[in-house]
Each structure stands twice: as C-alpha cells, then as structure tokens.
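For clarity, chains are labelled A, B and C in written order, and residue numbers in each chain start from 1.
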Amino acid sequence: MWSYILKRLLHMIPLLLGVSLLTFLLMALSPGNYFTALLQNPQISPDTVARLKAQFHLDRPWYVQYVFWIKNVLSGNFGYSMAYKISATSLIMARLWNTFLLSFTALIIAWGIAIPLGVWAAVRKDSWVDHACSLFAFVGLSVPDVLLSLLALWFAAATGWFPVGGSESPLNDFLSPAQQFWDHVHHLVLPAIVLAASDLAGIMRRMRSCLLDTLRAEYVTAARARGLGEGWVIYKHALRNAINPLLTIFGYSLASLLSGAFIVENIMAWPGLGRLTVEAFFAKDSYLVVDSVVMATALLVAGNFVADLLLAWSDPRIRLK
Amino acid sequence: METTIAIVKTQPALSPWRLFWHRLRRRKIALTGGVTLIFLYAVAIFAGFIAPYRYDQISDNAFFHPPVWPRLQGFRLVVPRSEQMPGDFVYRQISNDTRPLHFFIRGGKYKLLGFIPCSLHLFGTGDDNYSVYLFGADQFGRDIFSRLLYGSQVSLSIGVVGILLSFSLGMIVGGISGYFSGWTDTVVMRFCELIMSIPALYLIISLRNVFPPGMSSSQVYAMIIVILSFIGWASMARVIRGMALSLREQPFILAARSLGQSHLKIICRHILPNTFSYVIVAATLSVPYYILGEVVLSFLGVGIQEPQASWGLMLNAAQNTEYMQRFPWLLAPGAAIFVTVLAFNFLGDGLRDAADTKSL
Amino acid sequence: MNLLEIKNLKMDFGTDADALRAVDGVSFNIGAGETVCLVGESGCGKTVTALSIARLVPTPPANYVGGEILLNGRDVLKMSSGELRSIRGGVVSYVFQEPGASLNPVFRIGNQIKESLKLHRPEKATNEEVIRLLKLVGIPAPESRIKNYPFEMSGGMQQRVMIAMALASEPKLLVADEPTTALDVTIQAQILELLSELKRRLGMAILLITHNLGIVGDMADRVAVMYAGQIVELSPAKELLRRPLHPYTKALMASVPKLHGTADRLSAIPGNVPRLGNFPPGCRFAPRCPIAKPECSDKLPELVEVEAGRFVRCPFWKSP
C-alpha cells in the first residue's frame, strides 16, 4: 500500500512541472502583456516601464522567466500581481481556498444525494421512482451550468431568500465571528447547489447502472443461494462492489466540478480561482493567469490522488496486486 | 457412419450494423432526440430564410421589446403595432392598428448556405413599424428569434466540426500509440495526461490567451474550434489507445501480421474499425461539451464578438439580474442550448444502449 | 417421500406473445443420498431447472406457468420469501460453474464462509469451524488461507472454497452446476473425487449438471438427459451407459471420441440445437435424428416408462 502511495506521489511531481511549463509557454506566446497597456499610458515614462520589466524579469526569454518563477513558487512566493498591486501569494491563496470550499461542498452535496438515489432507482428498477430519476438525470445533465447559474441569480433576486452572488455581504467585517460564518454559509448555498446539480445527475446514473450490473453477477446469485436476505445481498455484497467503478470516475467528477466552478464563480461572482483567471486575463496579467491555472491543476491532481487512494483502499485487488 | 446434414429452418442472421439499427429503432427516446437534431440542423442551414430579420438589424425604438406574436383576425394572421411608453423600455400594443403577416416575403439580404445571395424570408410584415418579435428584442432592439437562428449556425456547427477534428486526431494518435506501444506510447500518454490534468475551462482560457484579442469573426470561429479540439482529442486518444492495446493481442491481428500486412493497414483496417461503436457513442455525447465550450467563451466576451450572433454571446445580456427579471425572454438562448444538449443526450444514450448487445 | 420431486415444471422467459418456453414439462425425483446427473447441451434448460429448485431464477423475466417443485413435501414455487431463505443453504446448496465469479471479490474467504455459518448454524460461526470445513474440502494450510481474497487462489482452490461454503450450512441436497467445466482436466478429477467422498461421508444427495458424459459413469446413480427444454431419457446410470435407448442419447455417446478401436471419422450430430422459441413441431430432435420418420414431426411424444425405472421420450426406442 505504501509503495503504491509513494509511486503516485512521485508521479504527481513531473505532472505539475509539465503543466506549469505548458501554461508558461502558452502565456509567453500571447501577444502583448500588462506592460503594453502601461506603455500607452502617457503618465508613465518608458524608463519606469523598462525598470519594472527588468525587476520582474519580463525582459528575458521565457524559459529564463520560467526558472525564476519555479524558484519563487517553491519558496512559496507567487510574486507580485501587477494588476491588483498586492502580493500575488495572498491573493492566490485566498482564491484557492474559496474554489476548494465551493468545489468540496458541491462534491459532498452531489455524491451525498446521487448515491442513495442511484441505489434506490436500481433496486426499484422500472418503477415510477426509476423513471422519475431517469428523467431528472436527463434534464440535469442537459441544463448548461451557464443557464442554471443565471436562473439561480434570478431566483435569488426574485425571492430575496439568498444573496445575489458574492461570497460575503458588504457588512461582513462588522459582524461577529458566528454571524460571519453564517453569512459565508448563506452565500455558499446557491453556488454550491448549482455546481452540484449537473454532476449529480451523471453520478446517479452511473450508480444505478453499476449496481444493476453488479446485481447480475454470479456471486450475487451465489449469495442469495446461501439464504442471505435480499437487503443484505444488495447493501453488503452488491453495493460494496458497485462502488468501485464509481470511484474510478471520481477523478472525472472532480475535473468537471472544477471546470464547472469556473463558470459558476464567474457568473455568481464567487471569488475563486476561476474568477481570478478571467480577471487576470482581461488585465493581461499573465503571471497571475499562470499561477491561477497551475493552482487549479494542483487541486485537480490532489483530488485525483485522493480518489486513487480511496479506490486502492476499497478494492483489495488493486491494493495487493 | 454417413451423416446427412439436416436442413432446419432458422431466422436469417443479422449483420452487426442491421442489428444495431433494429435495436436503435426500438428506442423511442433516441429517435426523438435524433429527429429533434435533424430539425435543429435543418433550421440552422436555412436560418437566413426562416428568420424575419438580419442578425444585426438594430431598431432604435425597440430596446428590450417584449415578444410580439401574430394574432388571428378572421382568417388572416396580423401583427399589431407597438408604441414605446415613457419610462425605461416599456411598450404598449395598439391592437386595432395591424398589418397582415405575409409568407415568402422579400426582406433583408442574406447569403443562403454562405454564398447564395437571397432576400426571400419565410414570413414577415414588410413594414418595420409592425415588427414581429417572436422571442422579443435584445438590448439593441434586434430580434432575438432571428439572432437565435443565426446563432444556431455557429453553435451547432462548432460542435460537429470540433468533434470531427478532435476525434479523428484522437483516433489516429490513440491507435498508433496503443498499437506500437513502447516509447511512443509512453510519451504520447504522458502528454495526454498533462492536457487532461488541467481543468478544461482553465486550459481554454490559457489557449485563448495565445491569440490576439481583436480578430475577424471567421478567425474567431476557427480559433474556437482549434482550442476546443486541442482539449478534446486527449481523452479520446487515451481510450482508443486502451482499446488498441488490448485488440493488439487478439489472434486476428497476429493473423494479419503473418499475412504480411503493413502496420498502417492493420491499424486502419483492423484496429480502428473495432472502436467505431465506442467512438460514435462518445462523439454524440461529447458534442454538447463543445457547444458549451463556445458558449462559455462567447459569454465571457472572448469568443464570438458583436455584432455576430452566438447563443453564448446572447446570454451575456441576461447577466444583469435586473434585466433578467424584467425581460425574461433574454434567456431564450439558454432554452435553445438546453433543448440541443438534451437531444444529443437522448440520442447518445439510445446509441449506447443499442450498441450494448448484452442488455435487452 | 423423496427429498426432491419436480412435477411437470413449465417455465417461460417473457410474457404473452413474446414468451419463450425454456422448461417444458420437466419431471424427475431425487431421493435422500442419491446422486442424479442432469445431462444436456448448452441451452437445453438444465441450469434453469436446477436454479428453480431454490427459486433463484429472477422473475421477471422468468415466469413459472405450471408444475410443482416439492422439496421435503413443500412446493418451492409457493413458498414465502422467509421460507425460501430458510431452505436456501439449509436444505439445498449450490456450487456454480465459475468459482472465481461466484465468490465476492472484495471480501476474504474466511469471512464469506463465516457469513453462511452465522446464518444457518450460528453456534458454530467460529474460525475453528471454518478451518475444519476447509480441511474437509482438502485445502492445505487452512489457517493461513482464511485471510485470503478469492483472487489470491487458483481455480481449483476457489472451487473447493465454494464447496466448503455450500457445506457450511449442512444441506440435504447439493446442486452442482457444471462444477468442473471451468477447470483443468487434472483438477476436474480431484474435484469430482472430492464430491464422491463427501457424498459418502455426509450422505448428501447431489444433483450434478454436466454436458460431459464421461463424468456420469463415475458419479451418478441415475441420469436424466435433457433436450430443448424437455427430458428425453431418464434411467439408472449403469443401464443408460450400457444400453442407451433414446436416439439423442445414443448419438451423444457415439460422439465421445474413443482411444481404442480402429481410427474412424468422428461422428457428430448434424444440425444445431434449436433456439428458444424456434422449436420444430412434434419431436424436437426429429430434424437431427438418424431414425426420424414422417410421423415424428406430427405429435410430440410422451415420456413413457418402457422398462423398470427407464423412461424414454421416443416411440421408436427399440430401433438399433
């Protein structure tokens, strides 16, 4: 088990390096940067611009910049954001936490609802429950995140039950810690539900089909033949096996959640990495774009790693072979 | 012992394709999806003809105009005149001042199929004071229904073209990688894994960064396809590579090799055709992602630009919650996207069931 | 009273117009301690018949339309789910064809056996009893084996574990559905020998399903030959092997390759087994039968007792 963990960890490092290199290269290829806009500002002399450029190594070729960037990142320093005029590190960390919070909450909601629903639909195959779940799944899978986010905003504005976007109310600083916490929760609810919605449908369908497949297996018949009750057979024998293929798509689920978070953050003004990336893009702050993309990738890679661990723990065939 | 072969009448065996088609026909949901898609694509092709107005036809006194539907007066369909009231974008219909709705009427010029100049429209009033806004008008007074149709040309075609490009690439790369194995395989798979490790939309934005901000609309269209394909081919390549890897060990491949067939021939004639059933299902189920990719890019303002029409771009106007509440017809493109994606999912699901011969 | 009496069992797959009759009027008995072999080609309905004894065939899509299955005098087809659960394992146990597929891959085998014990003999649900059972089926070093997962064992070992699990509940009838088909020939012999020995020691009745006539001679007291959902011959084993009566049985025996005698062409039964729903009119074997006469396709022959304890479904059984 430990060698498996070690192997996976060692695998992650070149992956992250490769991603950062790729993103850096893409950034280097982009025409124009923050300084092109600055140069056009008559109040700033070209000398100042040249000095700033040299200070941030932006006058050197991209691979040299990359080396400096790696050195900085490894010492925990994400540099300085030209557009926001604050340390990029704290900015990235705050946004990272927000994206993680949103994605994790959506993950819990999605899986927490989808698994029981999928099991229920499989056990009551072809009943009204099954058909209703199927319909719900189709609709859920087909509603685009963009539309759902907009509708959620409409719902919030129309009913007034939830705030319209953002992660905290403007008065947050004046609230007591307990009130601050609930304020954040209040803001988190709608975005998390919107994000969970499309993933939920897919997971539920997978759970249903995995369980149905497992119920056809011979060891299920053998278990029934030994006299075990139907509930025991389904929940102990079948489900335990049906979960495994689902854990393999956990990684994909996480990837689509992070991608979906990108949309939700931008539309519902949730200050996460997705929103930061777009803001940095428009401000032509390329370093920030790179940082943002790499952090989002790190989140995904970490999530995949956790999924692999879960799968190894759950399926002895993977662990011991 | 002499044996005589007994002739027993049996049903004729069906070829795999016919069997597939039989199974598909039995699934009503899949057929509904398929028919809907055929309808949508047909409408997209004839968008210029069906739309009463051009996509860039601005109307200064119809900003955010609510939907206007023709009414039955006797045996004719007529369209009433609308008048702008004082206040922010409030309109009133004057029901006794009407003009009849004509079919096959001359109107604004457009290019059918992109190159045939035409000015015939399916329906219209011929008088700009009597506008028929089936889904209302947007923030520049442009007919949303018309823009929806023009936008469908962009959104629907990007899906299909993008899929064709990325899946062809993915199949070739995956087939070669899995068949040859060894170093080629390792390098290619590592690269695919790299691409797949970056959450899709982040990668899309990074790629968008590579291109200059101001491009002509056809350049933007090509750029979007290139970007989406760059992301899409990786996952297809991985799956095809897995299939090629296992197919490679099959006896019929060894038989082909022993007959002296070249590697290229084996990949094209033996390995890839065995992946078709998976590819078709995966393609149908992936088109929605391509459509949504374009929608997001255009929505954020970095894809299709004004005055072009695209569903994503049109949805941007709805981002203002005040407008959304007062003028809900701005969300029509969202409904269009939903219907399209739903149809693809129905069809793809039916295809998958039809191809899976283990189930009923 | 016999341990098992199947009377005129009829079972369909599907309903109404789409119904395909998989089991068509099957009847036979098994007495306590008796070994009966059910022989037939793939698709003749033998597995489904055997699974029906504990009502393990899922309904839908299966549909019992007639007959009775009396286990210790009580009709299985009419039992409640509670009664069913008590006879499963308690009276009749199963050993399936693919041992790897019949054991749950994510649980250790010791725990799986204990599960059965907890259900039927809870006072004996201990590691010691599990080890005793493993020893009984001939697994070496059972103390270390109880912690194994199924995939860590060979096919032969897995099958022994399956047998141990089946015996854990001390059944009166062991139904073995092609228990050796998926195993190597040498392991086959070992498993069959194990079954014979267990039969002697424990006095169980065994229903052995197979398509391999070679096994029949060693194991069976009586044999039932099935074709296209029906029993075509039912007879004591030795008699059947010495002098088969039904043309199908004769053809089956003739098609077994012999190592002695002059080299000759392998004889095969021409044609194919008819598919469900495509049964020919009259006698179902007639299209492939070497002695078929025109009247064979008119009326379906009955299963008739032609000698003491020997039943045949063919009016021309006397022909050579």
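Keep in mind that, in the parts below, a residue touches a chain if its C-beta (ideal position, glycine included) is under 8 Å from a C-beta of that chain, and two chains touch if they have at least 3 such contacts.
Note that the structure is a prediction, hence the values are computed from the model and not measured.
S.K.: Of all chains present, which has the mean Cα position farthest from that of chain A?
M.R.: Between chain A and the rest, the longest centre separation is with C.
S.K.: Looking at A-B and A-C, which pair shares more C-beta contacts?
M.R.: The greater number of contacts lies at A-B.
S.K.: Per the centroid of Cα atoms for each chain, what is the distance between chain B and chain C, given in Å?
M.R.: Roughly 55 Å, centre to centre.
S.K.: Using mean CA coordinates as chain centres, what's the gap between chain A and chain B in Å?
M.R.: Distance between chain centres: 26 Å.
S.K.: Distance from the CA centroid of chain A to that of chain C, rounded to the nearest Å?
M.R.: 54
S.K.: At which residue positions does chain A touch at least two other chains?
M.R.: There are none in chain A.
S.K.: Once bound in the complex, which stretches of chain B touch chain A?
M.R.: 190, 193-194, 196-203, 205-212, 288, 292, 295-296, 299-300, 302, 312, 315, 318-319, 321-322, 324-325, 328, 331, 334-335, 337-338, 341-342, 345-346, 349
S.K.: Once bound in the complex, which stretches of chain A touch chain C?
M.R.: Counting only chain A, the residues touching chain C are 217-219, 221-230, 237, 240-241, 244, 314-317, 320-321.
S.K.: So in the complex, the part of chain A that touches chain B is made up of which residues?
M.R.: It comes out as residues 15, 18-19, 22-23, 26-27, 29-32, 138-139, 141-147, 150-151, 153-154, 156-158, 164, 255, 258-259, 262-263, 266-267, 273-274, 277-278, 281, 286, 289, 292-293, 296-297, 300-301, 304.
S.K.: For chain C, which residues are in contact with chain A within the complex?
M.R.: Within the complex, chain C contacts chain A at residues 51, 54, 56, 81, 85-90, 93-94, 96, 98, 101-107, 115-116, 119-120, 149, 151-152, 162, 165-166, 169.
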